[in-house]
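So, here's a batch of structures to check.
There are two complexes below, and they share chain A, which is joined by chain B in the first and by chain C in the second.
Here is the complex of A and B:
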């Protein structure tokens, strides 16, 4: 078991009170698993990714534990986390453009990064070149400035950089959302290859695009308003989702092949604000099958092996 | 209704404007009333530049754009431009930056009123606003008299479409209007475009997302490096792509029920027939199209 997250609660502190961005999140990530983390904006998916690396000054760890390879990850302890950052838990941010220092050549920047983490650059120099070639980049990019590379190339540089020390968990936060479709495909395929070659043990791929997740993830976790709605193998989420939110979300996606003649339906309403989250099931206001029991919080239960859902109506 | 004929756009780039970048190359395009035409392309394909030229935000370097028989590149003067914008309006990608955050969102309606309908009485105007807000399927109670941050992206985007509908527009240029919206609300905006089409509005739908283009449009235009790679009825373009670039693009789209591996295997099992795209001489800036079947055109291959 690579990662085990238990009842994690992370709130944002604001002048008007706490925003319950993560409110009791439970999941496990197996060795070698690529988990797609999907949901609408504001559901807490990026907060979850960030919590595993660094809480910024507004974020407060309220409750819950994270275990990585059997070891407790002290996410509230900014210094204590240093041991895990980059070595064990690494991140690919959404915009590679803003992840690279524009005033440094890429090679120099990577060396500075390694030194700051206590690694001698010469120890990994060969590996760095090998991996750049693996993702189809000329090692000559190390002598170039970020501005000289295209978006897809920069994203690949960041990917190689983030996985250079073979981390246990890689968090890719919307890592390909800013890329064109053909570049997106090749970057995603190299990510899967990095997992297959063991450069990263497991991966959390945060995205809003469920059809992309289906291409590469082993499992998909769908979040809604700070909680987990459903987690299952990717093909189960797409072909037989159980949570009403997942069902409606997948029903609302146009595909190559669907046209206006077969009208798709959106989900009426908007997600609840998390400053004062509603009691009970957070989807109940938009849910077509909500009833009285939904005023109680539905537990996340395993309805069949590997398939978890938080809804009173499933699993009966 | 809208016709682009041999439109080119060349930008000067580089430190002293010495280098040239051909953003749009020899584009010929027609939008009829009640028709949705998708302009599909990756970044740098010139799709937004075409939208901007149609809206008169930038001028083509060569070629003509005619709207209802009038060459819009020759429109001069404030009154004539204002008259043009009474018929053609645009909605853009980011609804949050289209509104001024310190004013209430429905101020955009008030600005249309002062510019175009100064003589309308309060009661009539209110009725008109309620009518368009209903057309975009919003509840006036929830959206009027609110600040932009109190509304969702989907609501703001629909308010902007409602604003365009206050005018008697014939053509809507929708530049990536869905991209910033969440999956559960974007379909409502797409369905709204389909409703507007029924009312006889022509829509130029600019997008990078092939599945969105496919869902809403009658005709699709796939752009590559400024030139048209393939153009035709949406169904034909997606079922039977002939240009090598559109085939490549379609094989890279993540699909909901098929993985890339399945798509590749299928392509390998039934390889499509090769189609010879037209060619041009080196140094020739034109981009001819060949009609492969009725209404389905294939353009030059630029690698």
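Here is the complex of A and C:
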């Protein structure tokens, strides 16, 4: 078992009170698993990704534990986390285009980063070049400045840089959102290849693009309003989702090549505000099958092996 | 690279021509007649003698020719290094008068600008380090930068010079000495230099510190800083990057500042009666001395242009982004 998250609660502190961005998140990530993390904007998926590596100054760890390879990850302790960062847990950020220092040559910046993390650059220099070639980049990019690279190239440089120390978990936060479709595809394929070659043990791929997740991920976890709605193998999520929210989310996807002239259904209503989240099931206000029991919080239960859902109507 | 430099040089050449033209125009369209004021001082009462002297001086200064001819002879004189003859210190050449004043102004300005820039940048970067430092140093810097140069100069002259009596407050060296390369003279020049230098230095320091502090905070919030922190890079490395990147706008700021600081130096020199270009400008103005005025402004223009050109070159060397844009790399 690579990663085990138990009852994780992370709140944002604001002047008007705490925003419950993650309110009791439970899941496990197996060795070699690529997990897509999907949901609407503001559902807490990016917060979850950030919480695993570095809380920013507004985020507060309220409750819950994270275990990585049997070891406790002290996410509230910024200094204590340094041991895990980059070596064990790494990140491809949402802003990969601007993640490199604009006034340093890429190779020099990577070397300086490695040195500061106690790794001799010469020890990984060969591997670095090999991996750049693997993602289709000329190792000469190391002698260039970030401004000389296209968006897709920067994305791949960041990907190689983030995984250079073979981390256990790689968090890719909207890593492909700013790319065009064909570049997206090649980046996604490289990510799968990195996993297959063991450069990263497992991966959490945060995205709002479910069809992209379906192409690469082994499992998909759907979040809603700071909680997990459903987690299952990718094909199950697409073909037979159980949670009413997942069903509606999948129903809102267009199908390429579809000739049937049906209007795509959106999900009526908006997600609840997380400053004062509603009691009980958070989806009940938009749920077509909500009933009285939904005023109680539904637990996340395994309705079949490898398939968890948090809804009173499933698994019965 | 060379094309970029050539284009820059062309722009500077055009700026130079326009600036020199304006420089030539201003004193000529200013009210007052220099020959008249010179003759007034001589208090000649005989109208015939006055007439003859006026004609003589007009010829010496070339003021009887039409304006366009004066303009062209000004340019041709410029290339021969002739700036004319001073009317207030007749018959001394303007160039000699100016060259005597230039070392004082440069000796005052260059250390004040460069030291305040270097120290201010480090001071600002240091202040951005922690909340406590920031809260205590920043208001102090705001007060400094809002202080007018000459007001601080007056205050210091009064407190240190008049009341305290530690340092002389007037002149560039002791009046008992003649300018010479001797220890006695150098020491005297140094003690006279301290107060005007400090008054310029302290005011500029606050401005640079504030600018740097803001830039550093901006850089520390930038994406690459965040990413490095997420990968566990030590603060030292992130600070080093932030400092370097924050320096770039400060270099541009230095170029801009160089032009405006001349005005500050003018008032400071007047307060301390310092024998630099500033005092010279004032004296030339009071005496309607076209030629000295033109000459000093010319030196100021050349100084600002050279300084800006040097900074352009430095900027290209330190910021890879400008270099890449010049060589036309892919974006």
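Everything that follows uses one rule, which is that the second predicted complex is superposed on the first by the 313 of 316 C-alpha atoms of A that agree within 3 Å, B and C clash if a C-alpha of one lies under 4 Å from a C-alpha of the other, contacts with A are read in each partner's own complex, and residues count from 1 in each chain.
What we mean here is this: a contact is a pair of C-beta atoms (placed from the backbone, for glycine too) under 8 Å apart; a residue touches a chain by one contact, two chains touch by 3 or more.
No experiment lies behind these values; they were computed from the predicted model shown.
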### Query
Of the partners chain B and chain C, which touch A:15 in the superposed model: first, second, both, neither?
neither
### Query
Is A:181 touching the first partner chain B, the second partner chain C, both, or neither of them?
first
### Task
Tell me which partner A:211 touches in the superposition: chain B (first), chain C (second), both or neither.
first
### Message
Looking at A:238, would you say it contacts chain B, chain C, both, or neither? Reply first, second, both or neither.
### Response
first
#### Entry: Which of chain B and chain C A:40 touches, first, second, both or neither
first
### Query
Looking at the overlay, does A:267 come into contact with chain B only (first), chain C only (second), both, or neither?
first
### Task
Give one of first, second, both or neither to describe whether A:252 is in contact with chain B, with chain C, with both, or with none.
first
### Message
Can you tell me which positions in chain A touch chain B when the two form their complex?
### Response
40-41, 151, 180-182, 184-185, 189, 208-212, 214-215, 238-239, 248-250, 252-260, 263-267, 270
### Message
Going by the contact rule set out above, which residues of chain A touch chain C in the complex?
### Response
53-54, 56, 81-87, 90-91, 93, 95, 98-105, 112-113, 116-117, 144-145, 147-150, 162
### Summary
Within their complex, chain B touches chain A through residues 42-43, 152, 182-188, 190-191, 194, 208, 210-212, 214-216, 234-235, 238, 248-250, 252-257, 259-260
### Query
Which residues, counting only chain C, touch chain A once they are in their complex?
222-224, 226-234, 236-237, 241, 244-245, 248, 318-321, 324, 329-331
